[in-house]
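The chains carry the letters A, B, C and D, assigned in the order they are written, with residues numbered from 1 in each.
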């Protein structure tokens, strides 16, 4: 079977070899005479596997032609060529016919394609026979590197096989495309994927440091170390607000924002919702939680249900405390606005991820005469909440809120870890300042994440 | 068991996602892409739950026949009409159950509902901000204390750029405004973002380690 | 209420007839029948006015537009989600016959069986509706939360923490060439050395004081308290400036809506 | 009367509608101001109504405010104004349709200004999508408003050339190497515009209008910094802050966003009466903006006055 397909492939190869020969492959010769004298070629061309990637890519580097930006200043661009065996055309023809095929034929073709792909490294071994140079890209004048990035998708014509011998050359090209100067050929070079991204070592170190710091403080807090936390006005307002709602006999509106359950801001909001729901259950106040995201709704239902259970009032819970509205930003806002003016809640809480609707909600809430407490990690929306709400938890305070409300030592312990990280930031910033002023690039480079 | 398995899942997937960040190799990338695809697919199932919730709440309101019970009827009519248009259409010369093509949904009514109902309401809701930004400014920008005064003055300086009748002061105002937006703005945003970064990282870590489980219904 | 409703409806209808007369000539170029086109635009304009009427107070027109919008948009996202994610992404990978039914190209692969996992997780999520299997819904939630927490952990550690910290590494004395040079080249212009130096000082001190404001476990007293106060001042100045800056964009949005009413609907301006 | 307007007419009024709407808004604000002296709060619906009028009136009756050009705009205008007749100016259209509403008014204003001064103008684009917009300006502004100007003699369209900053790299030393002919295939040597122009160094002014890459930054780095030609630019509002550092050394002046365009148009209208009836989209778009900003600021002031008066009254009690 394998032998048979090989014969077919060779036959097709031959056909394409003829076709390609007729087309005239390779960089055109500079026979055309014009006013522009031929430029000098690039020098020191090197090729190697691109670092810190998934493979399928080769990086070329060279020294500029002396006529680029200097000398005759005639070089407009560089054209990059790769040696491509004719066999790749065969492969492409299989891909083309596969695109239009259906059913069992498609399955056979796919098998054939995968066999052909396995043969790519072998086909490149025949260099410089049975193949030709093909332009793969252009670099502008002044650029001295080019990354030949292929894709990993086998169905794509840009697929670039790993562990294959590639050969490259670079032409210095003038305004007249016929006038150009080819470089030396480099190769063979192979591309392959790496298992560790060395460009991300600083992040790795930070992960370890931060992880250890958190674990350290959490275990310390578990052992019962006393921790001070400064008061936050927004948090203290939560209890008052629930009390006020109970007195007035009006509901509390809790808006989780437009985030998905994947946003950390929303997750922090769930924890706050849990605390609020527990108090609400204790005071027997009405709670309204309209949701934008269905998964958020599901989680919020779980949270509220558990809070009512915790408060010893599971019978007061009903599913429609938390309900879904729609997954469209302004339709959601329109509905919440309507709810505010019809139910006239005593307190509106906006906790989580918000976008442009922040001000629409907060102003309508103010119109309805509700006390408003907001908290978001969206920096762009903070000004509007600050202006229109009574209390606003700024950025990090939103995350701290769950620890504050719960007063659980473990959660407070992680706050302490964050404070230490902040102290470290201040020290690092001061050191970095010194480094930048005194040109200690080595120190600055310690923090640069390169890929 | 009902709690331990989910917590273990959180830990396993969380740790995996951290490690895959440092492994550029194709195999790690491959799993990463699968996992992200899964999240979208699960999201559609969740949307079904959401629609179910919307229908239940609306029907409950309609059943009570309390004042305003007609409005949920409009919601339901819009919902079912749009679903109908989303799944039927004109194709190959006949009407019927239809399929989305590369050009989008082939039912012209779907397009019409989008263009003439969703778009105007959406952009008008957005435009309400022009009014609310004015009323918020009127209501809240009062020099009650130092903080409120700073807020007020900074906002006024930036807005004054648009007053063409300042003559020679125009330049000073414009320069001050752009300085405010470029320098202190950068400093404050950076401080907030560093704080948020730490808070997020801390919370994410607590979630992975199973310390923070508010999202799992244990408040 | 009923009377004002009728009056409002009459006004809208009157405006429509007026615009129809004014614009009847300009519909000639439109392929669609001008009456249908006019009705569509009028309905959009009615919805626009209905939403704007909310500014006066909550009223039946707003309620109508709101409820219609909620229903239509929920269905819109459901249809789009179904066609793009379920049919576009899932079906071609798990079933050939379903692919043929939905007329999407089947994409077989040796690892496609893993796509059954999200389907199973999705069905577990639907178990929420069942009274005694509801706890199964936690599995998919745990999967989503765990995956994204891990993803966000490294992502934000890098973008919101490391990159922001290293961005504060700026020299406090920009292009410092000695005191004499500084004094002889002193200028208040935006590209001058003095302004650049002041900017870097303000940024550095602003960031430090801002971070100090966010300390939770230390009492804000003494020098620490002073720094935290400066921090909140810088934050407030920033919030004020950002607020003032946003006004321009919000007014543009309203310009767009009013232009729609005057031009596309009433034809008062060209 | 105190000259609060610093010599500029307050507003250009041309019909009754404008006058009535401005009177309504101004009078209303005055009335509210007087009420505020009695420490009365304004209902928010009144604020809404004023905002609606402030935005709607300038749309319905195009009210244009005289913009006082800021130095960064004025310097560029003065430079264009002060060149001798017959000077050679290059205007680059480096933008796409998405940016066009914001920056094309600038390009049109530059074109009008150069043509009315009798300069020889060279048009080109580094953006493939910019060519259509360039043609639009040629049809409407050049051919529509200046029918006496001849292509090849008074202006020339080089069109779009691929190669981004590579193009600049070449034309900085030799135009003909990159553009042997203009967009219509006419050799540059046979045109009067290119008489005596070999490279960018022979131009008297280069103006780049854009907002992306390649754009003003590339013009400055590849051309402005290498040959000593004055440069001006018009950019979208979002990128303007990134370009301020180039002013005033590498860029003579800079128009940022609709406001910059409006300031330039305003100067143009002020200096040349023939442009009084030309469409000035920059100024037109600034009408609602200016009025709305003024109204909001007025309400902030009113709010503070009633707040302080109310507080004093309470203290007295």
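We adopt the following convention: contacts are C-beta pairs under 8 Å (C-beta built on N, C-alpha and C of every residue); 3 or more make two chains touch, one makes a residue touch a chain.
Just so it is clear, the model here is predicted, and its values are computed rather than measured.
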Pair of chains joined by the greatest number of C-beta pairs in contact: B-C
Chain whose average C-alpha position is farthest from chain B's own: D
Distance between the centres, which are taken as Cα means, of chain C and chain B, whole angstrom: 6
Gap in Å, rounded to a whole number, between the CA centres of chain D and chain C: 29
Separation of chain A from chain C, taking each centre as the mean of its C-alpha atoms, in whole Å: 18
Junction residues of chain B - those touching two or more other chains: 18, 21, 39, 42-43, 46-51, 54, 118, 121-122, 125-126, 128-131, 133, 135, 137, 139, 141, 151-152, 155-156, 159, 162, 181-182, 189, 192-196, 198, 200-201, 204-205, 207, 215-217
Numbers and ranges of chain A residues touching at least 2 other chains: 200, 203, 207, 210, 261-262, 264, 267, 295, 298-299, 302, 325-328, 330-331, 334, 382, 384, 386-387, 394-396, 400, 415, 418, 422, 425
For chain C, residues that touch 2 or more chains besides their own: 51, 54-55, 63, 65-66, 69-74, 76-77, 125, 128, 138, 141, 144-145, 147-149, 151-154, 156-157, 161, 165, 168, 190, 204, 207-208, 211, 214, 235-236, 238-240, 242-243, 246-248, 251, 254
Chain D residues within the chain C interface of the complex: 45, 48, 51-52, 55-56, 59-60, 244-245, 247-249, 285, 288-289, 292-293, 296
Interface residues, chain D side, partner chain B - complex: 4-6, 8, 10, 42, 44, 47-48, 50-52, 55, 65-68, 70-71, 241, 244, 259, 289-290, 292-297, 299-300, 302-304, 307-308
Residues on chain B engaged by chain D in the complex (per definition of touch): 130-131, 133-135, 137-139, 141-144, 152, 155-156, 159-168, 170-171, 174, 178, 181-182
Chain A-touching residues of chain D, taken from the complex the two chains share: 44, 163-166, 169-170, 173, 177-178
Chain C partner contacts - residues on chain A that touch it in the complex: 106-107, 110, 200, 202-203, 206-207, 210, 227-230, 261-264, 267, 295, 298-299, 301-302, 325-328, 330-332, 334-335, 337-338, 341-342, 380, 382-384, 386-387, 394-397, 400, 412, 415-416, 418-419, 422, 425-426, 428-430, 432-433, 435-437, 444, 447-449
